[in-house]
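The first chain written gets the first letter, and so on, giving A, B, C, D and E; residue counts start at 1 in each chain.
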Amino acid sequence: MTPSLRTENLTIRFGGHAAVNDVSCAFRPGELTVIVGPNGAGKTTWFNLVSGQLKPTEGRIFKGENDITGLSPSARAKAGIGRAFQLTNLFPKLSVLENVRLVVQARAGQGPRIFTRASSMTDIRDKAYGFVEATRLASVAHLPAAALPHGDQRKLEVALLAAMEPDIFMFDEPTAGMSVDEAPAILELIAEIKKDTSKTVLLVEHKMDVVRALADRIVVLHNGELVADGRPGEVMALPIVREIYLGVGAEEVA
Amino acid sequence: QDDPVKIALLHGLSGSPLEAYSKQTHAGFQLGLEYATDGTMEVKGRKIEVIVKDTQFKPDVARALLAEAYGDDDALIAVGDTSSGVAMALLPIAEEYEKILLVEPAVADSLTGPDSNRYVFKTSRNSSMDMQAQALALQPDENLHVATLAQDYAFGRDGIAAFKAALDGTGANIVAEEYVPQQTTDFTATIERLFNALRDKEGRKVIFMNVAGIDAMTPLAAANPGRYDIELSSGGNILPALVAYKQVPGMEGAMYYYYEAPDNPVNDWLVEQHQERFGSPPDFFTAGGMASAMAIVTALQKAEEWDTETLIATMEGMTFETPKGEMTFRPEDHQALQSMYHFKIKVEDGVDWAVPELVREIKADEMDIPLGRNNQE
Amino acid sequence: MTKTISDTFERFGGVFLLPVILGLVAFLLIGRPSTWVTLTVAGLAMGMMIFLMASGLSLIFGLMDVLNFGHSAFVSFGAFIAASVLASLGVWVTGGSAAMNILALMAAIAAATAFGALAGWAFERIIVKPVYKDHLRQILITMGALIVAEEIILMVWGGSPLPVPRPAVLTGSFVFGNISIEVYRVFAFLLGLAVYIAMHFALNRTRVGLLIRAGVENREMVEALGFRIDRLFIAVFMAGSALAAMGGAMWAGYQGLITPAIGSEMMILVFIVVIIGGLGSIEGSLLGAILVGLMANYVAFLFPKMSLASNMILMMAILLWRPYGLKPAVKG
Amino acid sequence: MSLLVNTSRRVPVGRLVVYGVVLVVGLCLMFAPFLFPDVRAQEVAARICVFIVLVASYDLLIGYTGIVSFAHTMFFGLGAYGTAIALRTMGPGFDAILLGGSLGVLAALVLAVLIGLLSLRVKAIFFAMITLAAASVMMVLASQLSEFTGGEDGMTYTIPRFFSPANTLVEDADGKALRIFGVALNGRLALYYFVFLSSLFLFLAMLRIVASPLGTVLEAIRENEMRAEAIGYRVVSYRTAIFCIAAVIAALAGILRAVWLRYTGPDVTLSFDIMLDVLLMVVIGGMGTMMGAVIGVVIMTLAQFYLKDLMEAGASATADMPLLPDMLNPDRWLLWLGIVFILLVYFFPAGIAGTLMGKGGHK
Amino acid sequence: MSNAILRLDDVYTDIAQYHVLHGISLDVPEGGVHVLLGRNGAGKTTTLRTIMGLWRARKGAIVFRHHDITAMKTPDIARLGVAFVPENMGIFGGLTVEENMRLAAAHGRFDDQRLQRIFALFPAMEKFWDRQAHALSGGQKQMLAISRAIIEKRDLILIDEPTKGLAPAIIRAMIDAFREIAQETTILLVEQNFHFARALGETVAVIDDGRIVHRGSMAELAGDEALQNRFLSLSMEAH
């Protein structure tokens, strides 16, 4: 079957330093790939390239058949590439619910509507509320995002992504800074998404237990290069991975 | 004793540096009333009540205030404004309420032009007079070469146009017309252009400056035109501005007013009183304000009925005393024709500003001021 | 192809080439060398005076991220105070003795600058402090302050234009053949240069510049590192305001006749300079100021009609080429 | 210091007050000719109507989208000048108003699109500067093309006779204009209601816009541009769109202004002072709350027209005290306005309406 | 405890109109690593920020050594020898790594051997010494933030979730590092990562809804599943 997302020799240089270097790989629907790698390996940067926040120095990006290398972030979002950010990135003064509603509304292509009252579009509102509940934010639904503690902000971040209902989900350390009793909620949500075999899920994660629990496949980045790619068991067994990631000889990290 | 007759003064008193002019005008107006009524502030037994309104230099505000003055306060005559723009906006209101508007001290010719109307009179001089007088002051002939410097907007351009018209037929040659943006502060480039235009000419070479609100004199003098035997020439100005003239002793030009220039009892009284009350000699707009007051009082005394039509009839062609001597409202466009003064700059120590010594008075009839409109047909 | 060009461009000093290029082009168009020299010198001097005012704004904006529309108030105040001082010094100014003249001028400039610093302090405490990090409110509140300041000037000095006596030594101009250079401009140029050097040193050779930049990004963290950022910011603000006042003083002496509007008239020019120079970099302000100065003079000579638009056009062009100005210190 | 306001909690009171006030203002304007028959009040009322539209349209930019533009009066001016020039050249007639007005609006639209696409990408302050540049260029043009525009002094012209006081709408027995409560049903009255109703319509239209999905998107862009893009909104297009909408509405307001004043010049349309007024009004009223526009305009306008009279009284009352009368000198009323303004921005950053409704608080 | 270097006594903190801390009382003994655990929104960060003077306590007292710092200005608190690594790392993106460090170093001069130790600990710092900090990766930023805290000798370091987003390898390295740092200073550590906390902590306090709900030695908590489940409801098996 054709891959849902594919990068070809994807490369970006900042000055001399190649943050992502000639990365080619493909992802299939119904598969959850965890991208691991030491700090500074290029994971976030690779995400930025795919979701369009950064433009590659070389290489191309395909969604299914079509080349999306030239598209703007918004165009890619419309094309079904959804992405949550590592460093939380919300609409601080809007309420949690409004945050989510914006996404649903964008989905529904209702943005440009000028003369209908937003509040009258109950369907959109209800749908948004659904996502708020799913991420256990219902209790704070009416607080401005800025007032949430870090952990809840992370959850909202995930809620926004979920609300985009993309074909391709990209989570960048969704559980970072989330307390151990909160994390499961998010992981369940991801597991849910994973059940839908039409979706492709990419996940950057450092927490080993999470990786184990979810990964169908692991891709390892190091110094911007793709150094390993395969089933969790195999990859974790690779000496290079053990060295650079599980930190036998942590000196060389990053 | 019947109720007072109301005169409304509409001038910008806040929101612009020009407010100083408005205040001179008001001072002059008060003095004018006093002089004309021998201090009684009454005409034919009726008190004169002056209503002061601040137009804030905003045409829309001004219109509202004038409408109020005519409509609600029921003023008989209104006087204003300092900025030609605001005055322009006032004209239609006078027509709408069919009451007299006396323009002072705004100068633009257009105020008595086609867009004006028969309810508008004007005691302040207009640009044409400045320029006519200026031209005469240059004693133009074939070997006079003039380059002009003016600001690039209606006032500046109209001025130069009038100036050229005045030189027509005298044989004098205009070798360059330079227009600079209104707020120009750096004249180097313009000066270069002027010098380049004049430097190789034979005969008398003059740069004529017609600028308002900026100081072109200092840089021009500093660039020392003398080295190409170029003279400078410019109109008179308010006292603070005359300070800059100290750099150009001997410069000649024509001016609207300087307190030592006119020789008549009115002016003597004005100078004396002004010194007494404000500790300084009267300036341009003090004289103007006084003139407008005296015009009004004269009209009220002459007219047997105080309704607009009678007043208009009275004022058309009316001659009245002012600090500048006699003025006469021209029947056609209601512009008050008046003398101007040919001066020569002299630097006296002890005086803060350069003294524009009177060379000669240029009488109204020596200048032919184009008709703005004709209210007679 | 284009790449190689830009590379060589960068190699030979990058954007700092622009004034030179401009000068050359102008030379070809003008032809008459004497005229060209006169204009160029005039342009440089004008640039330097604008630089004095612009650098203050740029400093405050770039380093403290405060958009101070009230800046022009300091210019105006500087101008009027200088004027008053000169006037009060009477014969010192008009008298023949060069030394006394210079002293008088120095006194005037010093007075203006000192006032600028003082007023700057009050301004920062009262007006700006509550609105750090909030551009919109900064624009608004400083505009409010501007209104008040101009009214105060009207109250103190009255509305009528105020003549500024110019020290005898600084009147007139040097004349070599057909070249004439106003003495005052030479003076202005030198002063501007001195100020530039001083600022350059303060910001790059000391840790202050660093601290301020950090403070702009994250006040709290700088404090958590043990620095009293509020004092730092006051200092910067005072410096910026003082520069504005100094610029105003110079400008007043140059204009000869000043009105309370003097500041706001300069402001657009100053903003243009800061924008094309790039926010927060003193080098940028200098570059921008000189470009604007030269441009103004050349264009005024070659195509007088254009002279008003020229700076606007210059700004737009540069913004399209370099959206953050020529030499921005703070990106994004 | 985070300006957080809990939308969920303090709901009705403040809001009700604001809506109440706005409603009252609306009614006053609706019956202005009958409530305040004196001429000055008429002018004031009309000015308020027009400025409510102008300021509200500016609020769309600065309050809802966080765009700081100094070119708003430029668009206002385009509408006014278009109408004025047409009336002057074609003579009084509705055709002139229609043609000139629509040309003005068109010009505004085109310019807005150009400026928007060209420069809405760049940082906020730069945009502010570019608009400032554009505006001043326009001012220069207005003064340069004096044969069309009347230059600095502006131009006067006559409007359709239907709107002139001489025109009687309803005749009474002896052929004069019928009077109701002492108000003559003449052209003047018609003109006022023309202005009032057009303004009302435009204002309601804007209310609808901000309540629409677009409204929320704009706020999102204001809050976090990058993320808005990431969830699928083309920021530049939205920015440009709202910029154009605001420009067009401003131009329409300009038409009303030109027709009402029967005079058009830089000082009543283009000038930077007006831009400043608009800014003051929107802030005092409260950014990001349409209601704020109404309140801001009313307060400022009343101040401009009546504050001086008050101070006059104050000055004479305190005449014998030391420096007080000096400061209360009516000519210094701007001083006080400035101070009040600063205090407002300081203590009620959300403006009057904003603070009362616990909304806006733009940062 | 008498040898407490830092003592919070019934501290209440509000943020805007929200009451966040209601009566935090806490003693931090001199030396070693002491952990503050708690779920999201419990008030951990707020506690640290209140100590640092970045939020103001409405009520109660905070005493560092013998100074009452409750009402002190943040810079003065810092000058007493308190360093702070905030949740958002608080690095200066516009400055280079070096400049970031220089600001933290006394008089802007580096103590060479401390610097070397930092480089050994976080090679990325050396590698990107002249790189603008905004260009660092999430984790690298975190490292920079910590490096900045330890470039000088401090008496007390407040660290908010340092392991967030760090690769296990780094975390391991960091455990050793912190042990070493703890030789010379006291560390008050806010953590979510219990394993990390357990590896380091001597004493532990659990905070929930703005109150301290448990205090004791780490050993005790680590040993007692019940306690853990009660306060942390730890679900994950240790590994």
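Here, a contact is a pair of C-beta atoms (placed from the backbone, for glycine too) under 8 Å apart; a residue touches a chain by one contact, two chains touch by 3 or more.
Since the model is a prediction, treat every value here as computed from it, not as a measurement.
Chemist: State the smallest step count from chain C to chain D, taking one step as a move to a touching chain.
Modeler: The fewest steps needed to get from chain C to chain D is 1.
Chemist: Does A-E or C-E have more contacting C-beta pairs?
Modeler: So, comparing the two chain pairs, more contacts are at A-E.
Chemist: Between chain C and chain E, what is the separation of their C-alpha centroids in Å?
Modeler: Chain centroid spacing, chain C to chain E, equals 46 Å.
Chemist: So what's the Cα centroid distance for chain B and chain C, whole Å?
Modeler: 37
Chemist: For chain A and chain C, let me know how many angstrom lie between their CA-based centres, rounded off.
Modeler: 48
Chemist: If a residue has to touch 2 or more other chains to count, which residues of chain E qualify?
Modeler: If we look for residues of chain E contacting two or more partner chains, we find 16.
Chemist: Can you list the chain A residues in contact with two or more other chains?
Modeler: Expected reply: 147.
Chemist: Give me the residue numbers in chain C that touch at least two other chains, ranges are fine.
Modeler: 154, 308
Chemist: Per the contact definition, I'd like the list of chain E residues that touch chain C in the complex.
Modeler: Those in contact with chain C are residues 52, 54, 73-75, 78-79, 83-84, 86, 90-95, 99-100, 102-104, 108, 148.
Chemist: Which chain D residues qualify as touching chain A in the complex?
Modeler: 2, 4-8, 208-209, 211-217, 219-220, 223-224, 226-235, 238, 241, 361, 363
Chemist: Of all residues in chain E, which touch chain A in the complex?
Modeler: 16, 18, 38-42, 45, 87-88, 120, 122-124, 127, 135-140, 142-143, 161, 164-170, 172-173, 192, 194, 232-237, 239
Chemist: Applying the document's contact rule, which stretches of chain C touch chain D when the two form their complex?
Modeler: So the residues of chain C touching chain D come out as 61, 67, 127, 130-131, 133-137, 139-141, 143-148, 151-152, 154-155, 268, 271-272, 275, 279, 308-309, 312, 315-316, 319-320, 323-324, 332.
Chemist: Contact residues on chain B for chain C in the complex?
Modeler: Residues of chain B touching chain C: 16-21, 23, 178-181, 183-186, 188-190, 192-193, 196, 213-215, 217-219, 222-224, 227, 238, 240-241, 243-244, 247, 353.
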